[in-house]
Amino acid sequence: MTKIECIFRPGKLEDVKDALGKFGIHGMTVTQVIGCGLQKGRTEVYRGAEYSINLLPKIKLEIVVGDKDVDQVVNLIAQAARTGEIGDGKIFIYPVANATRIRTGETGEMAI
Amino acid sequence: MDTGDTTFILISAALVMLMTPGVALFYGGMVRKKNVLSIIMQCFIIICLVSVQWVLFGYTLSFGPDQGHLIGDLSWIGLNGVGQQPNPNYAATIPHQAFMVFQLMFAIITAALITGSLAERMRFPAFLGFILLWSTFVYDPLAHWVWGVGGWLRELGALDFAGGTVVHISSGISGLVAALVLGRRKGYGSEPFLPHHLPMTVLGATLLWFGWFGFNAGSALTAGGLATSAFMVTNTAAAIGALSWLFTEWMHRGKPTMLGAVSGGVAGLVAITPAAGFVGPMAALLIGLVAGVICYLAVGILKSRLGYDDSLDVFGIHGVGGTWGALATGLFASTAVNSAGANGLFFGNPGQLWIQLIGVISTWIFATALTLVILKAVSVVTALRVSAEEEEQGLDITQHGEDGYADLVIGAPVGHDFLRGEIIASSFKKPAESSGKGVSLSD
Amino acid sequence: MDTGDTTFILISAALVMLMTPGVALFYGGMVRKKNVLSIIMQCFIIICLVSVQWVLFGYTLSFGPDQGHLIGDLSWIGLNGVGQQPNPNYAATIPHQAFMVFQLMFAIITAALITGSLAERMRFPAFLGFILLWSTFVYDPLAHWVWGVGGWLRELGALDFAGGTVVHISSGISGLVAALVLGRRKGYGSEPFLPHHLPMTVLGATLLWFGWFGFNAGSALTAGGLATSAFMVTNTAAAIGALSWLFTEWMHRGKPTMLGAVSGGVAGLVAITPAAGFVGPMAALLIGLVAGVICYLAVGILKSRLGYDDSLDVFGIHGVGGTWGALATGLFASTAVNSAGANGLFFGNPGQLWIQLIGVISTWIFATALTLVILKAVSVVTALRVSAEEEEQGLDITQHGEDGYADLVIGAPVGHDFLRGEIIASSFKKPAESSGKGVSLSD
Amino acid sequence: MDTGDTTFILISAALVMLMTPGVALFYGGMVRKKNVLSIIMQCFIIICLVSVQWVLFGYTLSFGPDQGHLIGDLSWIGLNGVGQQPNPNYAATIPHQAFMVFQLMFAIITAALITGSLAERMRFPAFLGFILLWSTFVYDPLAHWVWGVGGWLRELGALDFAGGTVVHISSGISGLVAALVLGRRKGYGSEPFLPHHLPMTVLGATLLWFGWFGFNAGSALTAGGLATSAFMVTNTAAAIGALSWLFTEWMHRGKPTMLGAVSGGVAGLVAITPAAGFVGPMAALLIGLVAGVICYLAVGILKSRLGYDDSLDVFGIHGVGGTWGALATGLFASTAVNSAGANGLFFGNPGQLWIQLIGVISTWIFATALTLVILKAVSVVTALRVSAEEEEQGLDITQHGEDGYADLVIGAPVGHDFLRGEIIASSFKKPAESSGKGVSLSD
Amino acid sequence: MTKIECIFRPGKLEDVKDALGKFGIHGMTVTQVIGCGLQKGRTEVYRGAEYSINLLPKIKLEIVVGDKDVDQVVNLIAQAARTGEIGDGKIFIYPVANATRIRTGETGEMAI
Amino acid sequence: MTKIECIFRPGKLEDVKDALGKFGIHGMTVTQVIGCGLQKGRTEVYRGAEYSINLLPKIKLEIVVGDKDVDQVVNLIAQAARTGEIGDGKIFIYPVANATRIRTGETGEMAI
C-alpha cells in the first residue's frame, strides 16, 4: 500500500474530490495547512504597516491506495488540481507498512 | 401622559429586549462549539414565542383583572382594551401598551435564563412545548402574584422591584429542576466542557449589564429620582459582584478569571434586582459583595458536591443570587430611598424580612412543582432529551441541520458537495456561471 | 420643543444608526470567511459616505423645499437653515437637526441593505461610486416623493410609516438588479457557499431588531400612544415572522434552522415597517405571518427557480417583504390606530389599496431603471466586478489587503514575515527589543 | 426636574457605559489570539473597579466642593449628600445622582482607553494597582480642573465639551508613557502582530460610535437644540474621519483597509469630542478630516520612526486626535452654536486658542508626570511586566488561566484531561452519567 | 521505529489517550482533520437550500513508537476508538527512518 | 528523497523558517497541531473547576528534501527550534518514494 499526500490550492478540493470519486475512490483525509515555496506571498496592511505574508493557505489531502492504483491516482489529482500558475503544489508518495480498519479490525488492502 | 416617561419606558423596553440576545451570547460562548447554535436558537425563539403568547393571552393572565389573588382573568385577551391611553393602576403617565410591552420583555428574558440549564441536551420540539407551558403556567401567575393588582404577594406587601422572585428565583429553580430531570450531559465529570468562545460570553454579559439599566431603572415606570437611584445601585452592585467573585476565585483557585468576573457581575445584577428601587448605594455594595461570594460558592463548590449538571449555572447564579437579593431587600429596604416602599430589618421593620421569606419560599415551591408537572406533560408527548448519538454529534447539526462556523475549520469553500435540486440545475446556464459574467450592460 | 420628544428622536436615531453595523454582522456571518471584511466594510463605509453626502446635499434633496413634487431644491445645502429650532412642517416639538439626523440614519441603512446582493464579487472602487450615486439619485428622490412636503406620493395619500417603499422595496429591487448585472458568483450552484459564522449573523439580526424599535416607533416623531403602538406591532410582527419562516422551512426541509428563524424575524420587521403606525396587534400578527411564509418561498424556491444569485437575499426579504407590507398597509390600516392616517380595504376604504399599489409600482420601476443607469455609468469608469482570480482569493485580501482572522488558523504569531521598512529598522535597537526591557524606572 | 432630561441623561449614561465593552472588543480583535481575554478583562475590570472607586471617593474628588481650584474635597464621600434631587451647579433638571452616574461612565472609559498601550505584556496585579491610582490621581483631578465648579481650567474659560483633554489627551499621553516604561513587546519589529479578529474590532468600533452619541450629546445635560447639534457634529466628524484615514492609507499603502476605516472613525470621534457643543457641521467636517490624516500619520509613520511600541495606538489616536480637537475648539467654537460657550479664533477671538493651548499643555505635563510616578510606585510593590516565557505563552493562560477559544482549534470535547476533584468524583454515580439518564419522571 | 497514524471520531480522543496512557505511552501529536469514506455525509439546510456535507470532522493521532510495540499499540487504539458503526476510521503504519529530540539532540529510539 | 517532519513550539516558526531560508530551503508545509509528551500540561480554571490541559499547541513543519541534505537540515532545525526546556519537540524522518510537481508534472528531486 501507498500513501499519496497532495498539497494544493483550497479552491481545488471540490474538483479533486470529484475526479477521485469518478475513479471510485472515496476514502480520504483532508487537513488545512499553510505552505510556502516558489509562490510569491502577499502583502497585508494594518494601520499603515505592511506585512509580507508568505505562508499561504493550502489543502493537504491524504489517500492510502493499493500500489497498483498509485500512478493513475497521482495523474488524476495532478490534472484536477492544476492551474498552471506557481503555487499549484506537490504530490508526495510514501510507502505504507500496513493499515487497519478500526471498525472491523481488517488489515491490509481490505482496510482501505 | 408624559413624553419623557413614555420615552423612558419604550427605550427601557428596547434595552430589556436586548438582554435576551445578551443571554444568548453569554450562554453561547460557554457551550461547546457543536452546540452554539442550539442555545442561541433557544433564546432567540423564546423572544418570538413569548411575544406572541403575551399579546394573545399572557399579558391578561399576568396583569388582567384579578381572579382570587392568583391570576388575571381573560378580559384583556388579544390586548383587547389595552390601548394607547394610560392605565393608572399600573402607570399613569405612559400608554397602557407601553407598560404591556415593557412587561413582555421581562417575560421573555425570564424564560431565556432557563435555557442555560437545558444546554447541550434538550430536543428542540420538547423545548418549544416546555417554554410555552412554563411561560403560561409559571411565569404568568407569578408575575400576577407579585406585580398584578390584587396579586396575593403584592397585597401582602412583598417587595420585588424588578423581579428577584418573579424573574430570577423562578428561572433558577426551574432550571435546576429541569437539569435534574434531563440528567447530566454525556461525559459530564469525565470530559472537560470548556467554553468555546469567551469573548462571546463577555459580549453577552456586557449587553446584559447594559440592558439591565432598562430592567431596573425602567421598573420605576417614570423617569425621576427613583429611576436614577435604581440605575445607580444596579451599576454599583454589578461592579462589586464582579470584583468579589474575582477575588474569591483568585484566592480559591489561584487565578482571576474572565469568566469569573462576568459571572460575578451577573450575580451582582441578579441580587440587586429586587432591591433596586428600595436601597441606597452602601446597601448595594453589600448586596453585590455577598452575591459574588455566595454565587461563586454555589457554582464552584455546591454544584460539584451535589453532582447535578446545571450546565451553565442558572441555579447557582439566578436561583441563589435571586434568593439572596429578595431576602436582602427585607434587610436593607428604606423608605428614605422610596417612600412607596417599606423599611427593612435594618431600618427597624423586621416584619418585612418575614414577608420576603414568604415570597421566596412560595416561589421556590411553586416553580419546582409546576416545572415538574410541565416536563412530565411534555415528556408524554415527545422525548425531552436527544439520543446519545445526537448528543455526541452536537445539537446544531442534529436539531437544526446547521453548523455554527461552517467555513471556519475548512478555510475555503471546500469539503462539501452541493446537492443541486433539479430546479436549480435546469435554470443554470453553465457557461455564464463559470465565467462569472453577468448581464451585459453594453448590448 | 419638548425634551421628551427630543430625547426620543435622538435615541431613536442612535438606535437606527446601530442597525447598519447590525446589517454588517448579519451579512458578515453569512458570507465565506475570505469575504467577511469586504461586506462589513461596505456597510461601514456607507455610514461614512452617506453621512457626509446627507449633510452636504442629500438632506436638502430629500426634504428641502419641493420642486415639482419630485425632489427638494438646494436651499438647505450644507444644512444651511437647518438649525436647533423645530421645523413644524416635519416635527414641531424637536429641533430641525434632530429630524435631519434621524432621517440620515434611514438613508444609511437603506443603502447598506443593498450590499447583501453585491456580496463576494464587487470591486470596492466601483462600489463607492455606485453607492454615492444610488443614494443621491434613487434614495433622495424616493424619500422626497413619500415623506417630503409636496412629494407626489405623499400628496396622493400613500401611507408608508417608516419606509416600506422608500427603504425596503428600493433596496430590494436595486439589489436584485445589481445582482443580475454583476452576475453569479464563481461556483454558484456547484460549490456550497455556507455561512461562515452564524452566531455573528444572529448578533446582527438581534441588533437589527433592537434598532428597529427606533426605526418604527421613532417614525412617530413624538413619544406617545402612536409611537408605543408602532413599537408593539413591530415586535409582534418580527416574532411571528420568525415563527412562520421557521415552521415553513421545518415542514419543507425537515429542520427548524437558526438562519431561518432570524431571516423570518427580519422579514416580519420589513413587512410591518410601512404599516407600523397604522395597524393594531392582530393585523401585525397577520402581516408578519404572511411575510415569513412568502419571503421563505421567495428565497427558498423562487430564487433557485429563476437562477439569479442575489447572494444574501435582499430581494427575497426586503423586496418581497416590503412589497407585501406596503400593500398590507392598504388592507389593514385603521384610523382607530392613527387618526392622521387612513383606513384600508378591510376598514371600508378600498381606494387606499390602490394608492398603495401605485406607490409600490412606481418604486419598483424607478429603482430598477435608475440602478441600471447608475451601474452602467459606473462601469464606464471602472470595472464593477473583481477578476476570477481575485474572487478565488477572496475580497478581503484583494480589495482591502487584510485578513479577517489573521491569527486564527495559525494560533501563534507565526507564518508571516514582517517586512520592516527602512524607517522601522533603523529606529530599533535590537537588544532592548528582544530582551523586552523598557525604560528603566530606577535610573 | 424634567422627565425628558432625566431620561436623556440616564440613557446616555447607559450608552457611555456600553462604550467600554466597545473598547474591549475594539482592542480585543487587534491583539493576538493568545491575549484576547487579557485585554478584554482589563477593560471589563475597569468598569467594576472605577464604579466602586467613584461611588466611594472618586466622584467627590472630581466634582465635590472645590479645594484650591485643584480638586474636590471629601464632603460627598460615599455619595453622602448626592441624592435624588438636582444639584443646580451641575444640572438643574435632573437628579444629582444622574449627573454623578453619567460622569462615572466617563471615568471608566478614560481608564479603559489606556489598556491599548499596555496590551499583551502587563501583569494583572500591577495593572489593577495602576488603574486604581491613575483614576484617583490623574483622572479625578483633571476632571475637576476642567468640569468641576471652581476648577482652574474651567475658571480660565477652557472649553472642553465632552472630554478632549480630560478623556483623550490624558489617556493618550498616559498610554504612551506606560508603553515606554513597559518596553516593547517581545518580537516587536521582527514578528508580525496581526489582529486576530477584525470583525470583533469593527463591532467594538461601532459600539463606540453608538455610545459616543450619549457621550457627546449627553454632555449637554439637557435634551434640546445643543444636544442635537452635538449629536449631529459627532456623527459627521466620525464619518469624515473614517473617510480621510481610508483615503490617506489608500494613497500611502495602496489599500483601503477596514482597520483603517474604523480607526479613522474613532479618530474623528476623538477630535470632535471637546468641540461637540461649540461647532457647526462645516467645522465638524474640517475637524474630522484633519483628524483622520494626522492620526494616520502618527500611527503609520511617527510611531515607527520613533520606535515606541504603543501596542494599539492609544497615543496616535487619542493623544494626537484629542490634542487636535482641543485646539480646533479654539479655532472653530462659535457662540452661534452655544451661547454659553465662546468664540474661537475664526470667529474673532484668538484668545480662546491660547486658553485651549494652556489646557492641552497642562494636561500633557500632568498626565506624563503622574503616570511615571504611579508606575514607579506600583513597580516597587509588584513587577509590572510578565516574564518573557509568560509573554510567549500568552497572557490569557498565564494571567487568567483561561483560553479564549478553548474548543475552537480542537473542534470537539477533546484534548483535555479533566482533573476531577475528590469531591466531584465521590458524588458521581458512574452508570447514570454515561447512560445520560436523569431523574425518572415515571416513578 | 514506526509511525502509527490513526484517524478516528473526535469524541474518542479522550478514550484513546487514556488507553495509551495506561500502556505507558504519553508522546503523541494530534491534528484536527476532515475525512470521508464509506460513512454517509450529513445534510445541512441554509435558507431553504440543502447541502450534502460529506467531509466529516475526524481526529488524526500520530505516534512514533519502537517497532516492538507496534502491534499492541494498534490493538489498543483500535479497541478504544471502536464504536462498530461505519466511520470509525483507520490506522496506518509507516516506517520511520530516524527521530531526533530537539531539546537534547538525542536520536533513534532514545528520542521518542 | 526524504521527508523531515518536525514538531516544535509555535513561537519558533519564524526562527526555523529564517534558518531554512538562509540555507536555501523555501518549500515547506505547516500544520497547527496539539501534542503531549513529557511536557507538563497547564491548568485552566472555569467557574471554580480546574481542568488539566495536557495537549498543548505545537507547530508541525514538513519538508521534503533530497537525501544528501537531510542531516544538515535536521541540525539546522534542531538548533533553531531549541530552547532547552522540556517540550521542544521532535524531528522525524521518513522515506519518500516519489514526488510530483502539480504545475509541471515533473517528478523526483526536480519536483521539490
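For clarity, chains are labelled A, B, C, D, E and F in written order, and residue numbers in each chain start from 1.
We adopt the following convention: a residue touches a chain if its C-beta (ideal position, glycine included) is under 8 Å from a C-beta of that chain, and two chains touch if they have at least 3 such contacts.
Being a predicted model, the structure only gives us computed values, none of them experimental.
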item	value
Chain pair showing more contacts of the two, A-D and B-C	B-C
Pair from A-D, A-C or D-F with over half of its contact pairs in common with C-E	A-D
Euclidean distance of C-alpha centroids - chain A vs chain C, Å	42
Where chain B and chain D are represented by their mean Cα positions, the distance between them in whole Å	29
Cα-centroid distance, chain B relative to chain E, in whole angstrom	42
Interface hub residues of chain E, defined as touching at least two other chains	11, 14, 30-32, 34, 44-46, 50-51, 53, 55, 57, 94-95
Touching two or more other chains - residue numbers and ranges from chain D	2-5, 7, 11, 187, 190-192, 194-195, 197, 203, 253-255, 257, 259, 301, 304, 401-403, 406, 408-418, 421
Residues of chain F that touch chain B when the two form their complex	44-51, 53
Interfacial residue positions of chain B with respect to chain F in the complex	192, 194-195, 249, 252-255, 257, 259-260, 263, 296, 299-301, 304, 313
Chain F-touching residues of chain D, taken from the complex the two chains share	187, 190-191, 392, 397, 401-403, 406, 409-410, 414-419, 421
Chain B residues within the chain D interface of the complex	2-5, 7-8, 11, 15, 32-34, 93, 121, 180-199, 202-203, 206-207, 209-210, 213-214, 217, 222-229, 231-232, 235-236, 238-240, 242-243, 246, 253-259, 261-262, 265, 280-282, 285, 301, 304-307, 372, 375-376, 379, 385, 388, 391, 408-409
Chain D-facing residues of chain F, complex	11, 14, 32, 34, 41-46, 50-55, 57
